[in-house]
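Next come two complexes built around subunit A: one with subunit B, the other with subunit C.
Up next, the complex of A and B:
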């Protein structure tokens, strides 16, 4: 192709780009509605208002940074790129420290703690975890997005993710319906393993941070070796 | 205008996204004593649908164990999961609108529809077995020092590998 042709194509594209309608009025409208909902929640359901505002910030962040948990697992396998996985490891390092402070404080206030009283997400671990994770991982790659990515893409206007959401609701409800079966044969026997119970608080923190850093270096090395993006 | 472009037009680097998501999750735990979880809310929506159809879904065994039930004063529609899930959708919508990038994107063909639905069902069912999706059982679980987060991560890789094989075989 000659350079003049390329220039002409560029100009055409620019004209097309300018024709695109500005969406600022809709943006203002949607922002106003979101704020009104926030005010309503603070007045009537105060405890929900925090979820609303943090949810919006989560959505904005995921959309703006093109964050995708599914891609962080798929890309290393399919194209050898680990830049998303590295971002998630950084997130883990930060939230590990943050959660540690919150949990440590709770335990200091209540040294006779029960596992259910620890702030955070502690659940039984066992074969059901592995089974569920395999099903989830498979579905995530097949559907092209996980739960958070599905919600974000719905916001971006993808009709397909509405279908994923529909499947998600169907699958979740089926899983809940069959839960008594899985609980009987697997889950009720499984222990909840809270690492500080076994290793102590500070050793758990240091061990986990160390592990995350080591993983970061391995993943970084893997990217440099395998990523098809890096050689381009 | 330069700052506006920087924030709303250009994509943020992944690591910036990671840091903000982590900080938001810590703030959520700190202020609400709850964490970012998504799929438990999907169960509530499904149960709500079944309830409307006349089923007695509220009395399922699932809702009576492991803190799966609703808190005092909540309903299947009115609960923090519904609020945060819709908020994430709205947040993404606001971000694309301010960037002038909103566009309806249709489903290309029947195959895509089928894979979307199947993938969704697999994820939904799996998430019930493992107490959460890759947010509840991974992003919020590993920093909680619970072993199930690490196990979930390892086996999600196995699943992602299987999924990639399926993708190569049937879709690409």
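Up next, the complex of A and C:
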């Protein structure tokens, strides 16, 4: 939606800044280099080449869609918009089904499974989870981006996030150094909970999907209610 | 009709949006707010918000990775 006044202002600026460099050649060059590296890696190490291409595709998707984990959890509270949170919930629904297939196959092959052998990094849950979440959440809102968001924005050339990256590196190093302390007092004490152990595979899949759908419904309702209040 | 400028360079989201909200409250209907930003997420943010609230909005890239967002207060 635009107006005549805005159009006039835009036209003024367009005349002033007509000379814009085309970035297409750089894009072609970067894509070619990425593909060459991919092809070289397939000969050398099939797994690595997969990671390489998946990583690049993820990055492109995140940049073009402006997908931002920090914004998805911050916007509902700060500006009342839940469109990104809904996107995250849909991603959770899709990955739940995906992980179900992967884990079901792994367990079907090996019925006497150990929790550590199941694909998907099952970790103990406890107070440390909540503590870490609060720390990370505060940090990402102050810094304006989570890990992936920060990296995507540095790639775009957004300078402020370079400062965040420094903090990110220092923080992860300290975290790695202190991990044994946290592990000793909290993490090793906490249980690893794997729902299919208690409920069976299909019931836990349905339960999780149901919960996610309920969350989606609540979040959608919150957005509608919020925008009505805001436009009144 | 008055024009207001808002410098939002190097500000993380959602600070540009919150600054615009505050500034728009002070303005009269028909006034124009020009925001200068280098954060393309705040464009998405501000455009979504302004359209929800029925303000006129558009933006243009004025240099590599720098944008101006125009908002006309409509209500």
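What we mean here is this: the second predicted complex is superposed on the first by the 213 of 232 C-alpha atoms of A that agree within 3 Å, B and C clash if a C-alpha of one lies under 4 Å from a C-alpha of the other, contacts with A are read in each partner's own complex, and residues count from 1 in each chain.
Operating definition for what follows: a residue touches a chain if its C-beta (ideal position, glycine included) is under 8 Å from a C-beta of that chain, and two chains touch if they have at least 3 such contacts.
This structure is a prediction, so every number in the text was calculated from the model and none was measured.
**Student:** Thinking of the overlay built on chain A, is A:137 touched by subunit B (first), by subunit C (second), by both, or by neither?
**Tutor:** first
**Student:** If you stack the two complexes on chain A, which partner ends up touching A:177: first (subunit B), second (subunit C), both, or neither?
**Tutor:** First partner only.
**Student:** According to the stated criteria, A:54 is in contact with first (subunit B), second (subunit C), both, or neither; which is it?
**Tutor:** first
**Student:** Mind telling me which of the two, subunit B or subunit C, contacts the most residues of subunit A?
**Tutor:** Between subunit B and subunit C, B touches the greater number of residues in subunit A.
**Student:** Check the residue A:123 against both partner chains and state whether it touches subunit B (first), subunit C (second), both, or neither.
**Tutor:** Touch status of A:123: first partner only.
**Student:** Per the contact definition in the header, classify A:10: touching subunit B only (first), subunit C only (second), both, or neither.
**Tutor:** A:10 sits against subunit C, while subunit B stays out of touch.
**Student:** Pick one for A:83: touches subunit B only (first), subunit C only (second), both, or neither.
**Tutor:** Both: A:83 reaches subunit B and subunit C.
**Student:** Touching A:30, do we find subunit B (first), subunit C (second), both, or neither?
**Tutor:** first
**Student:** By the touch definition above, which subunit A residues appear in both interfaces, subunit B in one complex and subunit C in the other?
**Tutor:** 20, 66, 74, 78, 83, 143-144, 153, 156-160
**Student:** In the complex formed with subunit C, which residues of subunit A make contact?
**Tutor:** Residues in contact with subunit C: 1-3, 5-7, 9-10, 13-14, 16-17, 20-21, 66, 68, 71, 74-75, 78-79, 81, 83, 143-145, 153, 156-160, 227, 230-231.
**Student:** Would you pull the subunit A residues touching subunit B in the complex into a rising list?
**Tutor:** So the residues of subunit A touching subunit B come out as 20, 22-24, 26-27, 30-31, 34, 41, 45, 47-48, 50-67, 69-70, 73-74, 77-78, 83-84, 86-92, 94-96, 98-100, 102-103, 116, 118-125, 128-144, 146-148, 150-161, 163-180, 182-183, 192-196, 204, 208.
**Student:** Mind pulling up the subunit B residues that touch subunit A in the complex?
**Tutor:** 7-8, 11-39, 42-43, 45-47, 49-50, 57, 60-63, 65-68, 78, 80, 83-98, 100-107, 112-113, 115-149, 151-164, 166-167
**Student:** Applying the document's contact rule, which stretches of subunit C touch subunit A when the two form their complex?
**Tutor:** Against subunit A, subunit C makes touches at 1, 10-14, 17-18, 30, 32, 34, 38-41, 44-45, 48-49, 51-58, 60-65, 68, 70, 72, 74.
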